[in-house]
Each structure stands twice: as structure tokens, then as C-alpha cells.
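Next up, some structures in C-alpha cells.
Two complexes are shown next, each including chain A; its partner changes from chain B in the first to chain C in the second.
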Partner chain A sequence: MDFSLGSFADLFAHAFSLWWIIIPAIFVGIIAGAVPGFAAHNTIIILLPLTLAFNVEVALTFMVALYCASHLGGGIPAILVNIPGTGGAAATTLDGYQMTKKGLAVRALAVSFVASVLGGLISSLITLVALPALSQVGYYVHSVEMVVIMLFGLALIASIAAKDMLKGLIAGVLGLLLGAMGADHIYATPRGTFGILELFDGIPLVPALIGLFAVSEALVMLEEKSIVEGGTANVGKVTWGETFHEIFGAFRHWWNITWTSILGLLIGVLPGAGASIAAFVAYQQTQFFSKHPERFGTGIPEGVSAPESANNGVTTGTLVPLLAIGVPGGSTAAVMMIVLQFHGVPFGPRLFVEQPQLAYGVIVSMAVSYILMIFTIFPMVKYMSRITVISTLYLAPFICAFTLVGAFVPRGFLFDIGIALAFGVLGFVARKTGYHVAAILIGVILGPLIEKSFLLAMRISGNDPMVMFSSTIGNILWVMLVATLVLPYVFKWRRERRAGLEHDRLVESEG
Partner chain B sequence: MSSRFRVSRRQFLASSAAGAAALTLPGRAAFAQSFPDHNINITIPTGEGGGADRDVRLITQIWKKYLNTDFEFGYYPGAAGQVGYEFFMKREPDGYNLLFANMGPEVIMLTLQNVGIQLGKDLVYINQTSSEPMSVFVGKRSKFQSLQELVDEGKKRAITCSVSRLPHPASIGMLALGEATGANFNLVPFGGGNPSAMAAITGEVDCCALPFANPITLGSEVRILGVFSDKNPAPDQSGDAPTVNSVFGTKLPELTSSRGFAVQAAAMEKFPDRIETIKKTCAQVLADPDYVEAVQKAGLPKEFIDPGDQQKAMSTAEATRELAEKYRALLTGK
Partner chain C sequence: MTEATNRKKAIGADLIIPLAGAAYAVYYVWSVRDFPIEAQMSGMILAGMLLFLVLLYLVRIGVGLAAGRYGMGLGDFLGPKETRVSRGLFFVLVLASVYAIGHFGFTLTTFGFLALSFVVLGIRPVGRAILVAAIAALVGWLFFVVLLGTRFPMGPFEQLMQAVF
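Then we have the complex of A and B:
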């Protein structure tokens, strides 16, 4: 793994020379990410015959550029129409769409793009210099630790439920119950499937996401002429000057972007974890460390930058196990492994020994893809925000038709369109009665993942529940989790107490 | 009537059959040429990026030149392959729909999970493309240097062993090993070959049992301790790992997982000529040097290529079914 600075400079120069494949991949990736159902790995599988025809270097560059762009693309509909393109963008809806409703779509998009690009770039550069260290993370984080990490994401339900704790918890528990459907992890015994084959693998995420967010949002949307509060009159034409002002302004959140992208990178390195977990945890932690946690969910830039930088931090993370050990960390990495095998290229440590320029070249291609996104995607902020001025009369049916096709795509079951419609009705009722659809979705996404890790930990320990407190890292995470849940209430109590004392003092001094 | 015009009944029947065959031959040839006239769908009951996906793509890459068509892949993982099988049975039985089976684990699944699909009656494995034995391995940082050490430790405490899923030949192998040696193995199903291997490499579990190709492709990251077969088919690529029986003097059955194609029995009845074309051309692929080269290029031993006809594939399936019945209680927890 002896690689000099000059070699890295050569790699960057070489990656830039592949702009002709990176730029089309960026556009395909953004579309794939923005349309629910066409996630990166689906698209890469569809395009596999094409990538197998390329030489291995071009094929990998194409795939990583598409993969990175798809993570950025997922945030666009989340912000503009409250529909996350991927599970990783679900947390972005919480503040992104609220900003759009306030007529701040341009700002939200600018923050999202800057956070995605900067987050992805930071994590790829860190991976480039710290790959050996990052590859060690998996040695210390096992099923027990994964349970606690995912509980951080689940804790977001409590934050969402802050305004109405009972309804928030009911929504979260409903999501967890729905997520428990399907064959059990150990003996593959079907639970709650009603004998329906299509439910044996659990509630499919994409149709559930489309139903809860897209279909229900389309139904709610129809009640107003515009998705912007007060009508489209509040959305003026955006000039180039204003666009770049918002883009440069988004860099103010550089510190939040930096640490949440590192968080995303570390979560991405863990096998079985992914962008959804990273985004939920990043949002929850940003709220925890914020000076004004009560403003989260009302439409603030930090609520967009945190999940977006985290889910782009995941992109390089998922490649670490494949590159360093030879085991793919996620479905996209698994497809990349097929391409490597087809071309007879080794993976894992042998890749660094036999073809270091290719091993490091993959990570450099990621960094270069993010750099090229600055020039290709940033200007699109100006035009994308115009979607919000389209009348809901056209927008709602278009969303329904388009996303229902997306519900069908991942598995090819017509049944999945039915699931999307059922979840659409559930989402609509939830919205109209004050239940938070994001809380339901968090349960649906994280429920099965937590269950799997929990069952694995229990099985490994011979069903000893104390295994949950058997590792040092796990115990540190438990303490942090409890602190995350309890401290906001302590701080709030202290603030209210101080305010009360202040008030008493004022009354006394006036008296 | 002179004797030279006299035709015996046997001669008449023979010549009639020959005539009929001659008459039908051009038609059959024309029909054979017309199949396939569109893409062939292949159902894969596991996820994308796994071993089955890799193998089927290697085969179809060469198959195109014999069948002159393209292939479309559908991935239907879930419930140990049950989702894929049930979905496949709903597809049109017309020879354009094939299932690429991971026979070992999937026959066990069909046996244990009351799926309602009967081998031979509803579904037929029409050929076998590859076979590989099961293996047991540890991560390179593991303290266990040999299978003997692992089993010795297993007599003192439960050894955790990651497996892809419980209904799997590798799981049966570990249970059989435990039964034969008195060692205690706690099988932990990680839901796929990659996460199972990762659990062993990172030390979350003591060892891992998977098909032989998995540890071979992982190279120096793992140490292969034993192979569940009578002979190690790839000694050079596995550090000359011993067979389990040779270490303990046991007589465990060979535990292999064969891959191959299956069709609905109804397709065989309705379109026997199409299925014959599939079988014949697939056999040509397996004998093609380009295919052998592609397999080796993918880092797999060419010894794993194990062509077999329908009879061989169905016998393999039957042997696996018997093993599954034998270990039913341990594999189902009932």
C-alpha cells in the first residue's frame, strides 16, 4: 500500500480525465435517487450489461459516480414535495419540506446540495488517507453495538413526538409492528403475513415510503392550490445572484456538515447499516447538540444539512469493507464486486497489493464525482425550486402516477402498488389526525434492522439478555443514548427554572 | 408378390417411424430455431450480488452465443428462498422462465418449510452446473489454527458459528460434526454469505460455515479449517485444507451445494423440445473453454464446474432432502 503524494495527484488527474463518464452517471444517479423505487443498486443492476462491457476502471467510475449522485438526488423530492427518493432522505423531509412551505425551497436545496457534496467529499478524502483505520471499525462494532446505534435513530421518534408524546409514540409503535411482519430471522417462520407471499420478506420499504409520503402528500396537497403557504405569489423568480448567495450561505453550516459526514462514514463502514440509519442518527444528534432544539421540524437549515451530509458520508463507508476486507458492506457494493469478479480483478487486500491504482482510484473517483457535482448540480437549484409554483391540481396526480410506478419497480409485484395505496390511506389518516408519518416510517425501517441485530446478539450469547451490556463500546453507547434521551429534558427543566427565578426576581424588584 | 417387395411388420413399423421422424425433422428443426424468439427470464431466489448471481451471469455470458437471445434476471430473496420459488411457480410454464437454483439450501427449505412445491411433480431440476463442498473457516486473527482445536474448544463451551441460514448444507455439516465429535456448535444465521463471513473475520463469532467458494475468494483474510467432502477439490486455493472426515476419522456424508436450472414440471410436459434446447445448449456452455476461463477469471476453481443431467440433479436433490429430514428437529428448532 505504498503510495506517494505524486501518485495521488496522478490518480486525481486521471479521474478528472474520466469526466465524460462521470457527468452522465451523475445525471442518471440524480434521477435514480429522486424517483422513489429507482435506488442506486437497482439502477446499477439494470445497467450491469453496459458496465460489464466497459473496462473495469471506467465501469467502477461510472458506478461510484451514479451511487454518490443518487444519494444527493434522494433529497430533492424530499425537500420540494415531501417525498424522500430513498429511505436515506426520509429525515430530510422533516425540515426540508417545511422550508419549502415557507417559500424557502431555494435555500433548502442549496443547503442540501452543499451538505451532500461537502459531506461526500470530506468522507471520501478521509477514507483515502485513513482506509486501514476505518477497516478496523467493523472489528469492534458487532450486533450488540448495532442495536444501540439503531436505537439512536429510533430515539428520533421521541423528538418528533415532543409536541404530542402519546400520538408520536403510537405512530412509532405502529411502524415497529408493521416492520415486524414477515419471516422471522432465525427460523424463517412467517409472522403476520396473512399467507400472502409478497409479505414473506416483510413490508417492502419503497412502497411503504411512497404510500406514507407521496400518496398521502398528494391527497393533502389537493386541499390547497399551492404547496407554498400563502400561495405561489410568495415564490418569486430566483436570480442567479440569489441562487449563488444561497449556495455560499449554505457553507456557513460547514461544521455541522463535517461532523455529520464523519458520523455517516463510520456508520457506512458497518456491515448491514446504511444511509437511513445514518441520516436518522445524524438528525437526532444535531438536534441534541443544537442550542435551539425546539426549532427542529419547523424548517431550519441544520435539519437538512445533517441528514444529507450523513447519507452522503455513507457512500464511501459502504465501500470500505469491500476494498479493505473483500466483503461488500451493502447491496451496491455487492454489485460492484460482481463487476470486479467479471474482469478477474481481485478485491480486498489483494486489490491494494496487485492493483493499488484501481483500489485508491475508486475512492478518488468518488471525490472527483462530488467535485464535478459542484459545477453540474449547483446551478440547477435555480430551476428545481420552480416545481413549487406548479398548481397542485397538476402536481398531485403526477406524483401519484409517477411514484406508484416507482412502487412497482424494485420487486416487480403489482401487489406493491396495493401496499403503496394502503400506506397512502394510512398516511393520509395519520396526517389529518395529527400523527407523524415520519415516526411510522422510522419504525418500519429500523424495526426489522434492530430485531435482526438483537436476535443475532441473543443467539450468539445463548439467549443471555445481559449480552446487551457485555462490551465496552456498547456500554459507552448506552450511556450516550440515555444522555441523549434524558439531558434535553434536564436542560429544558433548568431553562424553565432559570426563567422562573428570573421572573420572580423581576416581580420582586418591581414590587 | 415377390419376396423383394415383401415387407415384414417390423420393417414396416421401423420404416414408418423413420419416415415420420424424417417428415417431422425439418419442422422440429425449424421449431427449435424459433426458440427462443424473445428474452429468457431467470428467477434467482437470492439477492443480487451473491454467489448465484455471479454464477448465472458467468453462464449466460457464454450461453448467448448458443441460444442467440438475451437474459433478464429477477431477484426474489426471502424466507430462505421460498419467496423466489413460489413466485417462479406462478410464472408461465413456457420454457422462457427458468429458475437458477442453489439446490442444497433450497431443497432443504422445500423440505422443512411446507412450501407445497413437490420436486419432480411441480418443479424439476433439469441440470446441474456446478458443485462445491461446504467448508468451515475462521478469520485470520482467530486463535484457532486447526479444526481439531476448534472441536476441542467446542467440547468445553458452545462454539458460535455463523451460517447463511439454518436450512443450509453447511449448517447440517456443523451439526453432524458436533454430533460425531461431541462438540457443541451454536449456529447463528446471518442471512447471507457476505455477512456470515464478515462475522467470522471480525471475530463476532468463532467460526463460519459456508460453501467452499466463499472462503476461497476471501483469500488471506480467512483460514480454512476443513472441507465437508471426501477430497479437497481445490487444495492450492485453500491452503491444502483437510477434509473433516480425514481429521476425525468420521464418516460424515459429503455436504455439497450444487447449482443448476429448474423449470416447472408443466413446462416439461407442454414444451419438451424447448426444455431439450435449454439442456443441450447449457451443456455446451459448461464444456466451452471460454466459460472455464471466465470461471477462473472470477477467482473460482474450475473444479467446481460440475455438469450433470436431469437425473444427476434430481438425485443430488433427493440426497439433500434425506439429509434435511434427518436433521429436521435441529434445523427447525421444533
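Then we have the complex of A and C:
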């Protein structure tokens, strides 16, 4: 079917007419994203009976709006209390929480919301135009490339998140090893589980996230009376005028938002790569091209806009493989696939031939959801930032009480609350000693994925390790990986050498 | 304490994660010792990588210790002295709540944990601490259990409410 401008206009008009389902989905999605343990796919699963009762268009629109809003919601606790609501918001904590500590929570939230909405909108509009071309990307990435992409992502995170790269790498590889716990992919025999039955399926991700970020943060938080440095006296009441000033000011980062959202879209198209890698890659790239890279991590808006726009760029990206080749790009896409299956909707190329209005309609719904978020989310900046004036004596117990129990939700095992607590202790030690918790978490997430791709590549090649260097794309990625590990040391050495020469020159001129 | 000792960076706590990680890597390798080589491979590579990185780190620490840059103290690992007891008790309450939630369910455990935590951490008057804890536990029950239908651990309160409504 040939899609004209008129067809797109019809799709947009139709999507706007579904505002009554989009707006409630946005609010549910924000809560799902903001509360660790209530990821979008979990919430959609809880609401599955509702989505199955709707007709397929309404059901898809509901799920898509909820999904987009959850990616935005994940950044809110990351900024306000240093706890990412979703793994994709882990990179947002780096500068977002630093801004909050400086008393700039309103600005951080404004930048986060503008970056999320603009990033999501731009990537969905690009997807709309480039869907046929984007769907080809997945064909070029095989198991070898996936292994290198994931190692590359982990190396980036290790070099960004921890101030000391060696500590970052130790944290990341420890995370990978913990992620590889449980039954192996070939013989299903348990490894490294201490004989505990509940660990045979591996480390569950939600308890790990809750422990590493929420519990550890609550324990560290209690060392001070207030989140904000210097006490709550530094946080004045914010007027509507100031709120909108910050929101309009955030649009100054439009260029950074645009290209990092495209980066997020491209990474999102790769099945399994995910929002967490995209956010860290965007953060690292923004820092790399910045005129003041040394200020990243101290609380600057670019450090919030880059990961948030990439994180939301991923939302559209993960739907591309589902729509184009029938392979879900992430867990939420997998749940959407089940709903599509229930309604008897075909996937892949057949979807574009038989029901193109539905295929393109999903992306249009996404764009419309982001547009409607402008009116529903932006005014909330003023009120959300007030959370920073709550004393940590109240916040820490609240965080522990309401997040720890979230660890129970996915599998219904009380044991998982214990896992969250164990990861909380690990996270506390990591925070206090400079091993960044984000590196451990991303390792835990990537551990099983990297192992699966590695074993697949090895099986296909007849256990020849040289298969890891057999593809051009893979080799380019290897070079980038090595550069990521080596270049920071080279730059540091050059900076120190330059500073030394400058010092000698000054001494000489004074002498 | 001398000035030289003050300048030394305390790295005792920094060793917890590498040493615990190395111990787990060794255990992991031991746990796959009887597996076919194909199933051992990925775990061996990861454990090997971790042990190599930890070795590098220990060499760095050893050089720093020999040069007098590092000391084996804990530094500010445990945070300010004046709040250590209350924070320690708070952690004990967290442990106790993890144990209790299976028996008392979400709402009662949340109420008990919050009320005791507020009191232990120094929130006064006690009446206000208990009131805030009760409101929070009830709002949590209404929102998560009643409204969203979340599968939180059930206890006497949830069962009573289920029987009444």
C-alpha cells in the first residue's frame, strides 16, 4: 500500500481522537516508570485483561502511550532521589542527582521532560519516514556483533560511571558474572547458585535494580539530614513563571536532544541492546564532543538531556524489529506481540501488506502520545521538585518500605526481597568505595544476553574463538571498544603533560 | 595522628568488592568444574577476566601501600559517628521487615517498619511518626493492592479486608 501525506494526516487525526485512552495511559506509565519494580511490561501484563478487551487499535495505543510515559517516568526518581525507576534511567542519575543536590531539581526535571518528549517525538517521526530502511539494520547484526556491542556498552559504562576505570571494569565484570549465575544455556545445569533453588533461573533483574539503587541510596542518604547540599534552605518555593522559564530554557539543548535521540533510535533497533546502553552511549558521546567534558558528573543539563532523549529514542527503536521482521526488540515489545497475536494480527512484512494503517498507526500513536505529554507532564515539574525538601529521616524508610516489596512482584517469591537486600548491601559498599552501581547493574542485565550470543556464535563456528573477529562490523566495534578503554588514559596523560609544561613555563617566566 | 598518616588514603573498604568478587569467581569456576567444556567456556572467560582485573587492582594497591600513599583504614566508610547507632538500628529494622513481611503481610509490616524507623531515626513527637506511618501504610495498600491489584504478600490485614469487602 502506498502511503501518502494524506494517509499520515488521517492517521494523526485518528490517533488524536484516542486522547481519552492516551492520557490515562500516560499517568499510569509515569507511575510505572517512577516506581522501581513496576516496569512498563509488568504494568501491561497486570492490565492485560483490559488491553485484550479493547479493539486492537485502542489496545496498541494504550500500550504504546504507557510504554513511552514509563521511559519518561524512570528519570524522575533518578533525578530527585538518585534511584532510576528503570534501567534506562541509570545514566540520568550521574548529573541529574548532582543538580538536585545543588538545589536545581526544577531545572533538571525540566531538561529531563523536554529531552524525553522532544527525543521521543523526533525519533518517532524519523521512524515513520524511515521504517522500511530501519528494519534492515537488524539483518546486519548477528551474535558476534551483539557480543561486541554489549562489551562496548559495558566498557563505556565502566569508563563513564566510575571515576576510576579499573574499579568501573571490576564492577562491570562482577555484574556480568552475577548475571551469568543460574542454569547454563546448553545443558541447563545450575552454576554459581550456592545450591539455592530460587537462583536457578539466574539473578532476577527487578530485585537487583531495587537493591543496587533504592536500598543502597536509602542507607547512604541517612548520613545527611537533607538530599540538598547545605540543607533545604537552599530550595526556595518555585513559581509558575520560574517553572516555565526552566522548561523553555531546556529547549536550548535541542541539537543535543536531536542527535542523541537518533542514536537511541538506532541502538533501540538492535534486539536486546536496550535503553540502558543507549543512554550511556549518548552520555559518553555528548561528553566526548563537549567543550567542557570535565564538568560532566558535576550536575550539568547536557548530562541529563543526552541520556533521557536517547532513552526515549529507544522506545520507537524497539518496536521496529517487531513491526518489520516480527522479532520483539525488548520485553514491552514482546508483551505487545502477545496482544497482537491474540487479535490475530500478522507480523513482519505481512503486516505492512495486509494492515499498513496499523503498522504505521503504532508509530503515529507514539508521536501523538509525546505531543499530549507536553500538556500533561510539564506542569508537574513545579510540584515534583518539592520532594527534595522532605527530610531524609522520612525519605529513607519510605524508599525501603515501598521499593523492597516491589522485588516480590515479578516472581512472587519472598526470597527475591532478600536478593534485593543483598544487592542493597553490595550497592552501599559500591557507592561508598567508588565502584559505580550502574556498572554492576548493567553487567547483571547484560550477563545472560552476552552469554547467549557468545554461545550461539561459538556453536555456529564449531567452537572457533576467531569467529569473534570474523565480521567487518564486529571488528570496527572491537577497535571502538579498545579506543574507549585506552583513549581516556591517553587524554589524561596529554592533559597532565600540558599542565606540567604550562607550570614549567610559568616558573621560568617568574624566575 | 601524624600529618603523614592523615595524607594516606584509606583503602581498606575499597578491597571489599574486589576480594568478594574474586572469591565468587573462584567459587563459580569450582561450580562448573564437572561441566562439558562448551558449558564451562563463558563462565571461565568471565571469571578469568574478573580475577585478572582484581589482580591488577591489588598490584596497584600494593605499590601504593609500599610508597606510603595508602593506608589500610576504613576511612569514612561507615559515615558520621554520631548517627551510626541509629543507622545501624535502621538496618536491623530493614532486615526484620524482610523476615516479617511473609508473616504479617504488606500493610502491617509497612506500618510497623515505618513507625519504628521514624522513632529510631529521631522523628518526634512519636505520635506524629506513628500517624504518618499508619497513613502511608494505608495509602500503599489502597494504591498498590486495591487499585492496581499488585500481588504483594498477604497478611491478617489484607485477609480481613478481603473478607469484609
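Annotations for the structure displayed:
Definition applied: the second predicted complex is superposed on the first by the 466 of 511 C-alpha atoms of A that agree within 3 Å, B and C clash if a C-alpha of one lies under 4 Å from a C-alpha of the other, contacts with A are read in each partner's own complex, and residues count from 1 in each chain.
In this section, a contact is a pair of C-beta atoms (placed from the backbone, for glycine too) under 8 Å apart; a residue touches a chain by one contact, two chains touch by 3 or more.
None of the values given here were measured: they were computed from a predicted structure.
Partners chain B and chain C, once the complexes are superposed on chain A, both fit on it without clashing. Residue contacts after overlaying the shared chain place A:Gly462 against chain B, while chain C stays out of touching range. Applying the stated contact rule after C-alpha superposition, one finds that A:Ile186 touches each of chain B and chain C. After overlaying the two complexes on the shared chain, residue contacts for A:Pro321 are found with chain B alone; chain C is out of touch. With both structures placed on the common chain, the touch criterion links A:Leu169 to chain C but leaves chain B unconnected.
Contacts of A:Ile338 after superposition on the shared chain: chain B is touched, whereas chain C is not. Of the two partner chains placed by superposition, only chain C is touched by A:Leu393; chain B is not. Contacts of A:Glu223 after superposition: chain C is touched, whereas chain B is not reached. Once the two complexes are overlaid on the shared chain, A:Gly412 sits against chain B and chain C alike.
Note on chain A: of its two partners chain C and chain B, the one contacting more of its residues is C.
Put simply, chain B and chain C get as close as 6 Å, counting only Cα atoms, in the superposed view. Touched by chain B in one complex and by chain C in the other are residues 186-187, 190, 412, 459 of chain A. Listing the residues of chain A that touch chain B in their complex gives 41, 45, 48, 52, 138-139, 142-143, 182-183, 185-188, 190, 197, 200-202, 271-272, 321, 325-328, 331, 333-335, 337-338, 341-344, 346, 348-350, 411-412, 452, 456, 459-460, 462. By the touch rule above, chain C contacts chain A in their complex via residues 13-14, 16-18, 21, 24-25, 27-28, 31-32, 35-36, 38-39, 41-43, 46-47, 49-50, 53-54, 56-57, 60, 76-77, 79-80, 83, 86-87, 90-91, 94-95, 97-98, 101-102, 106, 110, 113-114, 117-118, 121-123, 132, 136, 140, 148-153. The touching residues of chain B, counted against chain A in their complex, run 47-50, 53-54, 57-58, 61, 73-80, 82-83, 86-87, 109, 113, 158, 160, 165-167, 186, 188-191, 194-195, 197-199, 201-205, 217-221, 294, 297-299, 332-333.
Against chain C, in their complex, chain A makes its touches with residues 46, 166-167, 169-171, 173-174, 176-178, 180-181, 184, 186-187, 189-194, 215, 219-220, 222-223, 393-394, 396-398, 400-402, 404-405, 408-409, 412, 414, 417-418, 421, 424, 426, 429-430, 432-435, 447, 451, 454-455, 458-459, 463.
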